[in-house]
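Note that the chains are named A, B and C in the order they appear, and that numbering of residues resets to 1 at the start of each chain.
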Amino acid sequence: MRTESLYALSSWREMAYLLMPRLVLILGLLLLPLVLSMYWQRVLCSAGIYALLALGFDFLAQYVGLVSLGGAFFIGAGGYISGALNAYLGWPPVLTIPIATITGALMSTLVLLPCLRLRGIYFAIVSFMFPLLAVYIIVALNVFRGTEGISALATFPNIWVDQYLILGAVIVSLFAMRRLVNEDIGLILRGIRDNDQAVRASGIDITSYRTKAVFIASLMGCFGGAYLSHLYGWLGISLFSMDFSILPIAAAVLGGMGTLVGPVLGAFILTPMSEALRGFGQLRVVLYCLILIGFIVYKPEGLMNYLQRKYHQFEHWEEV
Amino acid sequence: MSEEIILRVRNVRKAFGGLQAIHGVSFDLAKGEILGVIGPNGSGKTTLVNIVTGFVKPDSGEVFFKDKKISGLQAHKIADLGVTRTFQIMRPYHSLSAFKNLIVPLNSPRVRRTRGGRLGDRDAVAIDILEEIGFERDAYVPYKMASSLPLGYLKRLELARCIALRPEVIICDEIFSGLSMAEIATMIPVVEKLQMEGITIMMIEHRLRELFRLANRVIVMNFGEKLAEGTPEEVMGDHKVKEAYLGTEAA
Amino acid sequence: MDILIYGTVNSVTFVLIAVGFTLVYGVSRLPNFAHGALYVLVGFLTWSFVNDLGINYPLAIILSLILSASLGAVIYRLVLIRLRGMPTSEIIASFAVSLIILEGLRLQGIGGFKGFIGPFYVLPAFIEGKARISGVLVDYQRLIVIGGGLAVVALLWLFTHHTRIGLSLRAIAQDEQAAMMLGIDSDRAAVVALSIGSALAGLAAVIILPLGNVTAEAGYRVLIHALAVCIIGGLGSWAGAVLASFVLGFAMIVSTALFGAVWESVVLVGAIIIILILKPSGLLGKQKELEERV
């Protein structure tokens, strides 16, 4: 049984044991662009976006207790706002992306706000509906050029910016979230997930904490959307596609829910796989869902938890 | 123990569907006293606690805390004012370690207002509270995951969660249930110490002998009504109470 | 006058769609996201039976309904039963199943399976032709929708109030633990509920689809309508679902008449948001929200 005691970082060995996996992860991600061909570099960018969504999903599901079935809404919100700012006002990406990230997050949190007082099922249902409803409204009212979308948006100067921007965002988000869940606000959120009535009996307003959590998760998703619109220089209703809702969930289940790292890795595994299957149309989605169900029923701990267990066992081995 | 009334419950009624759970109950809680609430199962004790602490809204009637009406307020606002409770069904924050369970109340607006203090303080405060309540620091008990603790520790953790909030009133819902005599013996001094520090306590209990050691006054509930009220001796001598517990023949 | 008739048709459509979802949720607290998928599946199955296999229409309908009921039971037994008690996993799995079916129907070229793409699939109406009611020309099929809807609701009412199985479902819906103590097996009840719910989805499909054509995208729309009705009416409340269906049905028809068809979606979103803000447990919701769950 592991205790959460404070490690006495007295030996280099201990430090190496703790830091190694993280270094491998960071370096691995940062070095990838240098070894991949151009086609796969593009895939890497997509993977990064899915990784942000998966991270947000895992955070909301395992640390706050809210299942978000509508990651596509964040992508769409971020993408449309940044694209619109660029197309109608001519602002450059360096402005539109931050503004879209924050405004998109505010907007998403606002529309999800009414469900946060209610049981988790409402959040799941409403988050599922919003991306689809957004598409219906955009098409019906024919705003933002409806189904055609808007093209010829500003893009990034070169493919290196493309990749390192998103990889940087993923790494920063990942470490920020890991810090957050161990900070006081993270502990309260986990408390809310474990037993919300007890948290209320301690005088804390759970709705306001859930709101903050949804805002944080949507920041990541909206950044992904804003980034996406400038990656390809185009926005349209496909920003709200079901892919963005389901692949992060499959990535999280595959990678190991609750670990935050697992979903990110899951995204980097599933996205290339999905690319390889692009020729088969909707088979990709069917496949992610089958994988998802397979894992959730038979191996719910996911890859990361499995690997972590093995790694800790390995460590004990060495000492003996 | 002063005669100042800190909590007033007036004519509270609550029905769930067709079942009238509480039939118009009124009582006063004096500041600094320990009030016991006893009664057979199903007599409405936990519902009463839920109503006072705001987890359930009464159909009619009012609750006053220090002359301020709290019935109708949301649960977390009532806790923020200083009225907190334990839960009969134990659910600690199982994904957190024991002392981290206390970080939650230590971060509540109420504690921030009354204590202030830098962020780093909270861990130490949490461990201190746990140590006072019997979590042996040397055995690293406070650091264990809450889900791995046995019942005795969990009950104390529940109480610690209330203490961490620095409340004025703690309502305990059967904190002695499921504990051995030895474990209860270690908890009784804790409760006495809380009273000495000026905290008012209301205890729902089935373990009458232990409760009567602590309680200044006792209320007896039966079928959602207040059957009797008084000191432990008065109440146990009351023939209505004997009837409720033992049946008419023995009375 | 035609608003009255079309409003009623629209409302009854919602009732038909929502009733299966409400049943499953009420009995086993499972949000059956696959509801919309099953609706569409039955539509395509019936079409295939009639057009590819040459089976006659009524028989095809019966076969599809049986298949969809079985599929509902299979989904529960294979997937959901292992996830009971873990709401997060239940929701995710249900969602995934829905996507497998809906997106699977659009597959092309896997083992000779031609996906169902395009607006070419039409189910014939039960009775062709129109009738004149109070000066308004109405398709017979639309009248059948109204009649069918009423019949379904009536039959369900009889079932849940007068048959053993139906009564046991209601018992579980009201208080699962008490029902279990009386010997009602909650897993079996869930299988029954899911089968009936799936069959109801299919029934709704065969009654309503002849009014238009069958597309896979409709699956999402149907699910959204079912969810909207349940939220507005109150999750798990029958009367609420019916009431909400009529409120929503008429609201959408009226807005179409006044402002044009494009505003339908806006009305839908608006209604959901308004209810969530004003009365989150729904118009007739009995279930408590966050607050009173101790």
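Definition applied: contacts are C-beta pairs under 8 Å (C-beta built on N, C-alpha and C of every residue); 3 or more make two chains touch, one makes a residue touch a chain.
Nothing here was measured: the structure is a model prediction, and the numbers come from that model.
*Asks:* Relative to the centroid of every protein C-alpha atom displayed, which chain's own C-alpha centroid is closest?
*Replies:* Chain A is the most central one.
*Asks:* Quick one: which pair of chains has the most contacts?
*Replies:* So the chains sharing the most C-beta contacts are A-C.
*Asks:* So how far apart, in whole Å, are chain B and chain C when each is placed at the average of its C-alpha atoms?
*Replies:* Chain B and chain C have C-alpha centres separated by 46 Å.
*Asks:* Could you put a whole-Å number on the gap between the CA centroids of chain A and chain C?
*Replies:* Each chain reduced to its C-alpha mean, chain A and chain C end up 32 Å apart.
*Asks:* What whole-Å value do you get for the distance between chain A and chain B if each is reduced to the mean of its CA atoms?
*Replies:* Between these chains, centre-to-centre, one finds 42 Å.
*Asks:* Chain A: which residues touch two or more other chains?
*Replies:* 197, 206
*Asks:* Among the residues of chain B, pick out those that touch two or more other chains and give their numbers.
*Replies:* Residues 55, 74-75 of chain B each touch two or more of the other chains.
*Asks:* For chain C, give me the residues that contact two or more of the other chains.
*Replies:* If we look for residues of chain C contacting two or more partner chains, we find 291, 294.
*Asks:* What part of chain B is in contact with chain A in the complex they form?
*Replies:* 53, 55, 74-77, 79-80, 84-85, 87, 91-97, 100-101, 103-105, 107-110, 119, 122, 140, 143-145, 148, 161-162, 164-165
*Asks:* Help me check something: in the complex, which residues belonging to chain C touch chain A?
*Replies:* Contact set of chain C toward chain A: 31, 33, 79, 82-83, 87-89, 91-93, 95-97, 99-100, 103-104, 106-110, 115, 220-221, 224, 227-228, 231, 235, 261-266, 268-269, 272-273, 276-277, 280, 289-291, 293-294.
*Asks:* For the complex, give me every residue of chain A touching chain C.
*Replies:* Against chain C, the touching part of chain A is residues 61-62, 65, 67, 69, 111, 114-115, 117-122, 124-126, 128-129, 132-133, 136-137, 140-142, 196-197, 206, 242, 246, 249-250, 253, 280-283, 285-286, 289-290, 292-293, 296-297, 300.
*Asks:* Once bound in the complex, which stretches of chain A touch chain B?
*Replies:* 1-5, 184-185, 187-188, 190-191, 193-195, 197-206
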